[in-house]
């Protein structure tokens, strides 16, 4: 199994979710994160005190899938999360050794 | 104008009784000399001024601190409201308003021992006058907390506030409104430019310097967590200030009405002044700036509110907005102190601007005293004396108190506690 | 003191007309007997007391629940404001204030059918008196919701509130202020210690017990999500309480002024009392404690506010702060009920403390009745009767109502809905 | 009823002086004709109506937007308060209330040049009347911002608000309350159903259409971030509205009292009406619905509040609650415009319902004019004229202003700025 | 070393923490996430505007352990996080190449 | 490629970010987390109800880098995040199989 972890722009979540659903992904987990990269943050000034906010709000998606889906999933995320603007984000893939569904105790690909 | 009533409050009931004879048609069960309309307005004003501290100042300040200090900041306003109330009835009111000479009142009203349900202060019950004045003592101390936010010990705050109320606030209130030296000199301070704002602003500056800067100041991001709270707080201050200024007429009459109108005008003008300055210099007008500009305008019109007309108010407001913008952004950076929430930049600076401009724009037909523009340049000088006296006395006594507390129980929490945030370290609570 | 006006409200206009003759100088278009100052204050007081429920209680309570129940908690105060308002004009006011004997009013004022624009209640329009009283009925019901937070069905709450207002609140208001049995016995309750606070506190305890504990009580972390809201709510309660207590003089006079002053004093003292107790026992004075202490003080001074002086207020406040601290922390643990937001511990206990101490500290020169300290120990006993009558009647009828609702439409949401939170499960909304 | 005092405000002091002779017993230093009770109530009302905008509308609206626009939404109400205040004293008040004919006032009161501390308006100082009216001008403009939330340029908002206040608000206020054409026709609008609510609602609709929908409208989740703020805002609107409606009696008398009572009744009924409709149709009564229902009821009773009794208020409330529910949920969807926070659906629709029903339920014994139910069907038609005149004039001028601004400096922020949120892009701030 | 990452129902956190402690785990890290899976979200209606909230609040737990504890830890989480209801969540395991304790610079299993 | 995941004290973020920038890292992703470990939480008391808050607020940093940077990055984080006090946090490293930049579709080390 693989975990595909993607950092995307927040307003793209629904499109990404739908593209994953279309591929048959049965679940995904999302966290609110802040990202630093080519896309720069902004400066806030409060009564003369300037604060550099270097981080931009992003969403991190984690979806665990069977090995054979990897390519399609990466492509689906890329296609649905892209705006062509800087800051669109990244997709990373790493291996998962084991998986289990808590409710049933099923394990491996069954658990997804 | 408050001092007129203060005099009467010295137990001069007989004098009032004469005037009260004019009220022959009052219902039989009414107190002699009591005007229900004036009383209604002063009851309301008392509620409005209390609202300025809790939740007004509590919100205004807590919105500007980091999340970990929000509750502790609210706690300061809240506990001060309680502490000063009790001290006021025990000692403060007596020292400020119970007769006395140039410098301080007497012990006649300690524990309010002579106040009955029938005691009068002008046309209103003394109980109302006493409580109205109490809310001024409360907010003055609460304002100071903006300078010490995020790092002062709770116990030290209680000691400082208690001593300061009795030793600084009460005497200065006496000088200006209790028949003391400044009123004798002809210093004009309708609703508290010196007594409340310069006073709290100077104490704040001294406290900020004695305490030292917050850990991480200038390096870490100390952006306000919830400017929304600050906007709500400023709004409640604005609304409550009608009680503060128009209430200082101690009557529901044309003087109160004019004070109401000029308060609104100056505040609005100060918002626009600050917005314009910030837009020009920082390219974006901030919401925090609007809220702060409003408070700057309110502060500056405070001493003037019973003496100037709409035109003067407009000028006072615009000038206060711009000068306080400069003080809170540039002056503060130049001097390098960490007055966390700009009590000095807004209240002392705004208060001084207002006190001096009162001497410029005072209109004889309104408050009985002409200002510079009506050919009485001396009034500006008189105002300056009031300002200086307040600065010196408040500055010195505040410094002594702070150094004393630092030498005994200490002023600041530990660095670890400061890092963890005062909500947890002082109060054992946190915002979810 | 309200009952005096209540009597007049029974259509006894002629009696007023006589007194009104004293007001010969009133402008021609004025209503006979109307005092514009008193009316101004009572209009204001009505606004203040409404503010105590929305947003006061709404904020006070919603700050103490978990995030998933914040909106639902606000909804309870808000919808109760609407529901009780309508029931009050349809039935409640008539049952409470439209004449009648010892136990209940009459049907004379159903739907306010006899109230014209000229109807008077003492020196103020009846419309104002009616609405002022309405705001008391509203807050009493709203206070109960603190006990049932996080688990009660919305429909059940509406049924309970509606029936309780008519069957419990209106009669007890009649007993005390409508010329009923308790006023006949000489029970002193200036602004609602029994009618509002013991009443709501007892109903709350019964409701907490009948509903049972929250899912996860004692195991899961149920820490308040936003104590900031609670502090703001407590502040607005404090400010609004000036209308509650000083407004209960139904006039802008010395009685109102003294009520204002003692309210402020007792509240401040109670904050300090709670803070001291908590500091001593839990090592850290909490902000939630300060806010709660304030409410405890406000509750305790409520029945006393027209009868005691500053000294009595100081004692009542300190005692209430400490006793309510004990009730909300220790007593509650001992008894094991889950009164989520401590309505019993604050309102019933604080109300009882206040009711009894009114009998101790009453000053003849202020409210016309001497208390224990002025050599009238019987007053404490009289007060006790008022307390007991309220506890028994309210307890029994509340229990019957709750059991009835439980047996029919059910009182609690499902466990699943409770876990998901009432915001989503009852109202389909969530806080972002 | 305001127009009566407006007439007097035209400098007709001598006329008042006669009436004032009746007040022979007034204290010597009082202004002739001044009633302290009326003045106290109007000072209070002014504070209450200011509170409706800041923080009332600021909270009500900012709770409904997404997190990234919360501060910007508050900024709109706040800066409008400042801007309109200044414009009001410079031009607005004069155009609305300084005499004049059918269509517009005069230049007599530009910069308030004739207003002294002694100027009277009926029984209250003119300064109070002027400021009270100012708060109405403020809130009317602030209400419009709900339609343009999340996308309008700050500079464009300032231009629009400034021009609109002078060119739309001031004339219509003159027509209805300044002795202009609509008052001549006998249109009843006690506290601003046409002047404030239909006026702002129509301007809002035009603005929503001219600006176009928000980016992502109908696709992205635009759920309110903090319905809690909206509930607090609605609560403060409710409380403040006592000043709005009962204050419009410009006196503390039976008319004010009845206005207070019917305001409370209609609002409560509208909450219940909305809750019932929503429960029935959407299966869950939402907190946002309750808050909105309250505002709908407040809007609808506004024109009627000096003319109807409790029964009429009950009907007006229920009808407004249900009709506005339909307008905000169904009508809006049908027509497809993006009036972000439903200013049209609540204020225009609620205002029209209220204006017409005033003609139905008016009671001669209360406001001097009988309505349809008392056999005067013509009044409904008269009311319709008032509604139509306001719609047409406001619609046309608002459209011209908006198109002009769009053609010059532009109305909307860039799409990128809109996505980033106005807090950052316009004000350089963010909520933590 | 392994990282056991679990998505669980929020109110189960304390039980899970205790079961891990019992096994000798010395630390864990928790994040608030939103999950999409068999358990559906809900619909919110604001003045007639319906928003599908497809994601359910969950907590994500990450605990890094020595290889040999893997089975016990997975089982402990499963047992303590299970309610038997839909939405109980998943457990995923993946390998950790290196670990270091920042305070001391210790590395490998010592760092845990 | 490797993902270096570190749990640090929140006020150390800026120093860590700068030390990573100095090494040439082009991006990183941060999440707010709560940690349990040797550093204990605290007790909160609300009207007598005591709640043990066992978790301490931390930040989790994820930075994906080319294999050869691993050691330097770990060391840079250690150095910049350390205060020497308990609770300074941990650094974990695990392998990343694939990476893609959403905006451009670049993959592998190019995508970072």
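Chains here go by letter, A, B, C, D, E and F, matching the order in which they are written, and residues are numbered from 1 within each.
By our rule, a residue touches a chain if its C-beta (ideal position, glycine included) is under 8 Å from a C-beta of that chain, and two chains touch if they have at least 3 such contacts.
Keep in mind the model is a prediction, meaning the values are calculated, not measured.
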Legend entry - Intersection of the contact lists for chain C and chain F: B, E
Legend entry - Chain pair, A-E or D-E, that carries the greater number of C-beta contacts: A-E
Inset, instruction - Calculate how many whole Å lie between the centre of chain C and the centre of chain D, each centre taken as the average of the chain's C-alpha atoms. - result: 32
Inset, instruction - Would you mind pulling out the distance in Å between where the CA atoms of chain B average out and where those of chain E do? - result: 52
Legend entry - Rounded Å distance between chain A and chain D, as computed from the means of their C-alpha atoms: 47
Legend entry - Shared interface positions of chain F, touching two or more other chains: 14, 31-32, 44-46, 53, 94-95
Legend entry - Shared-contact residues (touching 2 or more other chains) in chain B: 25-26, 35-38, 40-41, 44, 221, 223-224, 252, 282, 284, 286, 288, 428-430
Legend entry - Every chain pair meeting the contact rule: A-B, A-D, A-E, A-F, B-C, B-D, B-F, C-D, C-E, C-F, D-E, E-F
Inset, instruction - Can you check the complex and tell me which residues of chain D touch chain E? - result: 64, 221-224, 227, 282, 284, 286, 288-289, 292, 328-330, 332-333, 342, 345
Inset, instruction - Provide the residue numbers of chain F that touch chain C in the complex, in ascending order. - result: 44-49, 51-53
Legend entry - Contacting residues of chain D [partner chain A, same complex]: 216, 220-221, 419, 424, 428-430
Legend entry - Contacting residues of chain C [partner chain D, same complex]: 24-28, 30-31, 34-41, 43-44, 46-47, 50-51, 54-55, 58-59, 62, 70-72, 74-75, 78-79, 81-83, 85-86, 89, 111-112, 115-119, 124-128, 130-131, 134, 154, 229, 252, 423, 426-432
Inset, instruction - Sort out for me which residues of chain E touch chain C in the complex. - result: 11, 14, 42-46, 53
